[in-house]
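You will see two complexes here that share subunit A, one where it goes with subunit B and one where it goes with subunit C.
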Partner chain A sequence: MAQAGAVDIVRVPDRLAFTRNRYLRALQTPRGLLGLGLVGTIVLLGILAPLLTPYSPTFQIRLQELLPPSGTHPLGTDELGRDLLSRVLNGIRVDLIVAVVAVPAAAILGCLAGLLGAAGPGWWDTTIQRAFDVILAFPAIILGIAVAAILSPGERAIVVTILLANVPIFGRLSRDALISQREREYVVAARLIGVSPVRVLFRHIFPNVVDPLIVQLALSMSLAVFLEGGMSFVGIGIQVPQPSLGNLLNEGLPYLATNVNYAVGPMLTLTALVVGLNLIADALNAGVLRR
Partner chain B sequence: MDGVSFQVAASETVGIVGESGSGKSVTAASILRMVSPPGRIVGGSITYRGLDVLAMSEPEVRTLRGDAISMIFQDPMSSLNPVLRIQTQLVEALDAHEKYRGSKSRPRAIEMLRQVGIPSPENRIHDYPHQFSGGMRQRAMIAMGLGNDPGLLIADEPTTALDVTIQAQILEVLRTLNREFGTAVVLITHNMGIVAQLCRRVVVMYAGQVVEEGPVEQVFARPDHPYTEGLLRSVPRLDSIRHGRLYSIDGQPPQPGEQTSGCPFHPRCGYRIERCASERPPLAVLSSGHRSACWVTQAGGELGAATAGAATGGRRAPALGAEVAPLLEVRSLVKHFEIGGGVLRRTATVHAVDGVDLHVGACETLGLVGESGCGKSTLGRMVLGVYAPTSGSVRFDGADIDSADQSHLRRYAQMIFQDPFGSLNPRLTVEQMISEPLSVHGIARSAAARKRVGELLEMVGLSRRHASRYPHEFSGGQRQRIGIARALAAGPKLLVADEPISALDVSIQAQIINLLQDLQAELGLSYLFIAHDLAVVRHLSDRVAVMYLGKIVESAPTAELFANLLHPYTRSLISAVPVPDPRPQARPPRIVLQGDLPSPTAPPRGCRFHTRCPIGPLANPERRICIEQEPPLDPHRPGHLAACHFAGEAPAIETRNAMA
Partner chain C sequence: MVQYAALRLPSALLVLVLASVVIFGILRLTPGNPAVVLAGPDANPATITSIEHDLGLDQPLPVQYLRWVQGLVTGNLGHSYVLGAPIATLIARGAGNTLELTVGAMILALLLGLTLGILGATTRNRLAQFLLMVVNTVTFAVPTFISGVVLVLVFAVTIHLLPPGGQLSLLKDPSLGIQFLILPALCLALPVSAVVARFLQTSMRQVLQEDYIRAAVAKGLKRHLILLRHALPNALPPVITVLGIQVGQLLGGAVIVEAIFAWPGLGQLILHAVLSRDYLLVQDLLMLGVLVFIVLRTAAEILQAGLDPRIRLMG
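Right after this comes the complex of A and B.
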């Protein structure tokens, strides 16, 4: 019965535009590739740290304090005679844990909170949103000081601070996206078919709201690295002798005039990591969101 | 657009007709040299009163714009600046030119508002755009465009975003302006009815080219291009005899930028000859002032023979009078929405649906008509349980729909949406979408489901090959077919179609209407067909119910309703529809309703229509009953219900020209 007509596809645009590969395509831009390169290199250096240097980051070599860069110690040594390259590379590992564990955890918790707000009763939503407002009113570093005061400084304080600072960001983003999608006709259509609410949420709505969340994830990772640096720099983050990019910077500061190499290593690494993550966020933003 | 040429004489009205992407808006924009990059005017000439527009300097063109030639746009919501008062915007337009500068500008602005029919313009001129209704904003735009007595007004789909009764008001304004001030009007539209009612000459565009041009009477009586013929024949009309199927133009209009050889219409043309595919036909004069670009008619061929898509009219006899329980039964249904609210804020109650009874029998189509904001979409969604009723009940297939188990409703009642872009999930493939109802209701899985998806796609006129594609790869009409296939997947008994064709191009609408009719005949479906277009509703429905401000004001079997109009609102709705026939005798007497739809947060007391009614207290002040007492929906003729104290009384205007 169907009158056939000319029902050929009229447009054949890039098939990839709406598949997961669109992330790959967004990253295959100069910005994206540079970001991936920077971040990838640093991640690799961090993971392979024990293989790349013969010294333990805490091993003190007698009478070898504050050496300038040389063949045996490419970044020199610190005031206690520890190999700086080894300390920097091992310091990266803390940042990786922070970025790869704490931020995704914050994203998941934030999305759940946003979901509760969007799906729950009105007063519930209001309560959650106001709580987010309160947290967002404080700069992350202030939150960090409070957390460190309660939990005592250390890796745990950094992770908790990153969670606190990022849960509201993801919570708000996901809530707004969910609410804007919920009234869309394709969602109504799915409900009318009899699709269960959970399935509507995860199969229909979630794929349509995930883009801004992914971009925020990259951005939050960069902020997390930054925050680790900040907290450790002021002494409420990773405690010596364990190295982190932040406390290495702090320790190198007094020697800036005499041993520039001390601070330069952690500084360049930290900067490259932050810039790289930002470039990735930027490329995703341009390629996925703004089209 | 490509090689378009036409002329507009002083104080003439010319209609430019075409579908989206046919280049009609670009044509209008180029007259004022407003083509946005990357568009460019690469050749040709534009002459206004002997002046070459293309040779002008930019300041000269600016003087031309708004002074000699002005333009109004489709969307009155976005073409006025929301943060500036109407006065500021009107005066600005006047101050930019010589004629009404300085102290003369404000009186002139008020005068213009009065001319376009804004009540008490001295006060309303201080309003912000959001305080104006859609129709009033469009009037304000027209006032702005006409302030400097332009010789030419270009109106780009000026009524497309408006309701029919408001559209009738705006068209009346344009007609008056043209008659009294001699302003030439170029009216861009896709609606052949508007052209017939308002224009002297018509230019039909297709794929960026003029395919036919001529005096309206000649073109409508004897179109010389198959596309024009198709456009005229594919639209259901209020004044024609209902027949089984609509004439439809197959296929899709070409995408802008798509290169075609020969005549751009030949892939869809039922008359094509060999020459059409290879050589592009020139625009040739056929009779005085009537030109067309078609090899067939230029060779002396006649149109009217081809019957593309015209199968036998397979309308099954509706199950009228059968003593079976109706499939869908709605009783005193009410839906009030609370809006506003929050701390220290008053809430307002929107009376979206206010006591509606209706029923739809098996294999029956009930048409639900009304203007935007009358509650018809809310009603449609409540029937499917999307919104819970404030009070009243909906029974579907013998069970209340608010019962705990909704699986029966979900399987056997489905919806077709208005927006073919928003109603499909952009992240799912066609197959994932259509097979979802199959898995949800445990009908079919994996290979069986895939087979069924293929069958469904073919049933709605698509191909199995399309199953793996994403929605953005389809055109509007094709997406609507996908939506219909999804609705059909679980084998429903009832389909609620909420304005299913109003977002589609004219030549595609007929395809979808025919598809809906074929499916009904084949599968024995019932439809609740919600639309604002009376002609389409009349064409498709067994019975029609007319809604106004949350209530049904008239309902009857289709033939009975259109033969004996009882409610003045139905009458005015019908008279507001522009009939695509320019002959004076075909023109029904126009009842132009006053004012706008009252807000559903505060519906008028008594009869809700009394604030606009042509036979109510406005025309007959002694009729207090309309203000004081709400008329019940009573039968006035067999099967014909109307809610009016003076049902059947014709408005005064009609006594001069019987409507029959």
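Right after this comes the complex of A and C.
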């Protein structure tokens, strides 16, 4: 393996690949591309929602209730005469907000907590770990119920639940990674030659511990979509008339026998979103972590 | 195993006590006086004072906390003002149904997960491997509230094989009760079965590389004997740990599954309690959920240590 020729053989795919970035390369697998395609489509649909449909998601058209799919209403209308396509597309937007805002916020807070635990005095670490234990003692949906009981049901309860559920995950990951790295020779060497602790942390340690965090980011986004859907589905999340994929699915439930089109939109969208995010996490996991 | 349990139990107990303080705090953190909420908008101050006294809200906080914990331990859980019944009765009624659902789901998850896991670890057929991977990815990722709707759509609405919702106790009428149980239990079982299959497949592949398996093959043992008697038991420890966590997640999943299939269990009860601001009931049910989750998780960890003597406490 130490021969020069072997090195060249390894390098060929590098030059052929579209990019040298290891994340992008991990995503250039069938799984990764399928995941990106699914998630990308849904994200675009959510962003472009106002351009794609002329109807407001809450506008009720009289005498147009529970219409089957047609040219003017591709997914039909609901029991109050609202355009279902418009409700689904606008429902995506809630998920985009929770996935794109709440999850990275949780990641940053979690890493900060992990850093405090790993770098601070021992009793900080113990306190933070015990707090994480307590949060992790609640299964995710039960945590959502507890938060909804305190804050009353709504978007705020969903965002807080996502923060609470994800901070311990990122906190544990980053703390364990930092503790495993801080006695390594390259860290000790950097400290000895006088590199500032902040620079050691960001320029030396960070690149070595970031991969599991990136994979977790994709998994946590899928968890966030699950929590939004689940909480809204059982009535403690987004409240009607504001549409969300979860509460749309719940509203479509009584019409499964007569108007299947009601439930199909939110069902397909949610499935594409969570399966896509899981595929991305799988691809990153296989391509970046297991090397 | 006993030594491991002795080390593991105090920390589980500590988490439980801390969680109980947090859950107790929920009633305090909620804006508004619970007694005012319960008494209704036009109640006179005397009524409010008497409800406050009934709930013990006129006592100092530590006293209230200790009285609540004492009630939990002795089974005296208090009274639900919203539903007009003792909380112990309400929980006992729902617990039986939720237990039926989760046990049914557990059995299905193990049957499905072990079968698919063993198949995945042993098949050499590329197409079969690919199909198993697709099934696993989808059942793992798709949330229960979607698979539930699909199950209703296929088995209840389209082919009219099973009822779309409702419940009948298995003890009263087993043959009819099981028809109500199959769809919700399957819905709850799917994600767990995917996790079981995934972990079993990985650990089984490793075990099949071991020398004693080659020895068993060499002495001409039958294939199914090698798989079930020699490989499976040794591949189980990681599956059992993950199962302990997954059983806890079943409690969360049950909330959603019960909502889809109108299953009158604890999940329906806690949702009703949250939406009607029945805080004492919420508090008791949250505590019950956390208690069951932590007990199962700890039991799985201790059991795993018993099955695999190589496990030692780290840190």
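Here is the rule we go by: the second predicted complex is superposed on the first by the 271 of 291 C-alpha atoms of A that agree within 3 Å, B and C clash if a C-alpha of one lies under 4 Å from a C-alpha of the other, contacts with A are read in each partner's own complex, and residues count from 1 in each chain.
In this section, contacts are C-beta pairs under 8 Å (C-beta built on N, C-alpha and C of every residue); 3 or more make two chains touch, one makes a residue touch a chain.
Here the structure is a predicted model, which is why all the values come from computation and not from measurement.
In the superposed pair of complexes, A:Y186 makes contact with subunit B only, with no contact to subunit C. By the touch criterion stated above, A:G46 is placed in contact with neither subunit B nor subunit C.
Applying the stated contact rule after C-alpha superposition, one finds that A:V195 touches subunit B and leaves subunit C untouched. When the shared chain is aligned, no partner comes close enough to touch A:P168: not subunit B, not subunit C. Contacts of A:H204 after superposition: subunit B is touched, whereas subunit C is not reached. Once the two complexes are overlaid on the shared chain, A:G32 sits clear of subunit B and of subunit C alike.
Once the two complexes are laid over each other on the shared chain, residue contacts for A:G91 go to neither subunit B nor subunit C. A simple residue count on subunit A separates subunit B from subunit C, and the partner touching more is C.
Against subunit A, in their complex, subunit C makes its touches with residues 11, 14-16, 18-19, 22-23, 26, 29-30, 137-138, 140-146, 149-150, 152-153, 157, 164, 248-249, 251-253, 255-256, 259-260, 270-271, 274-275, 279, 282, 286, 289-290, 293-294. Within the complex, the subunit B residues that touch subunit A are 248, 250-252, 255, 267-268, 309, 311, 381, 384, 386, 406-407, 410-411, 413-415, 417-419, 422-428, 436-437, 440-441, 458-463, 466, 469-470, 472-475, 478, 481, 483, 486, 490, 511, 514-515, 518, 522.
Residues 130, 133-134, 137-142, 145-146, 148-150, 153, 222, 226, 229-230, 233-236, 246, 249-250, 252-253, 256-257, 260, 263, 267, 270-271, 274-275, 277-279, 282 of subunit A touch subunit C in their complex. Every residue of subunit A that touches subunit B in the complex is listed here, in rising order: 1-7, 9-13, 15, 17-18, 184-186, 188-196, 203-204, 207-208.
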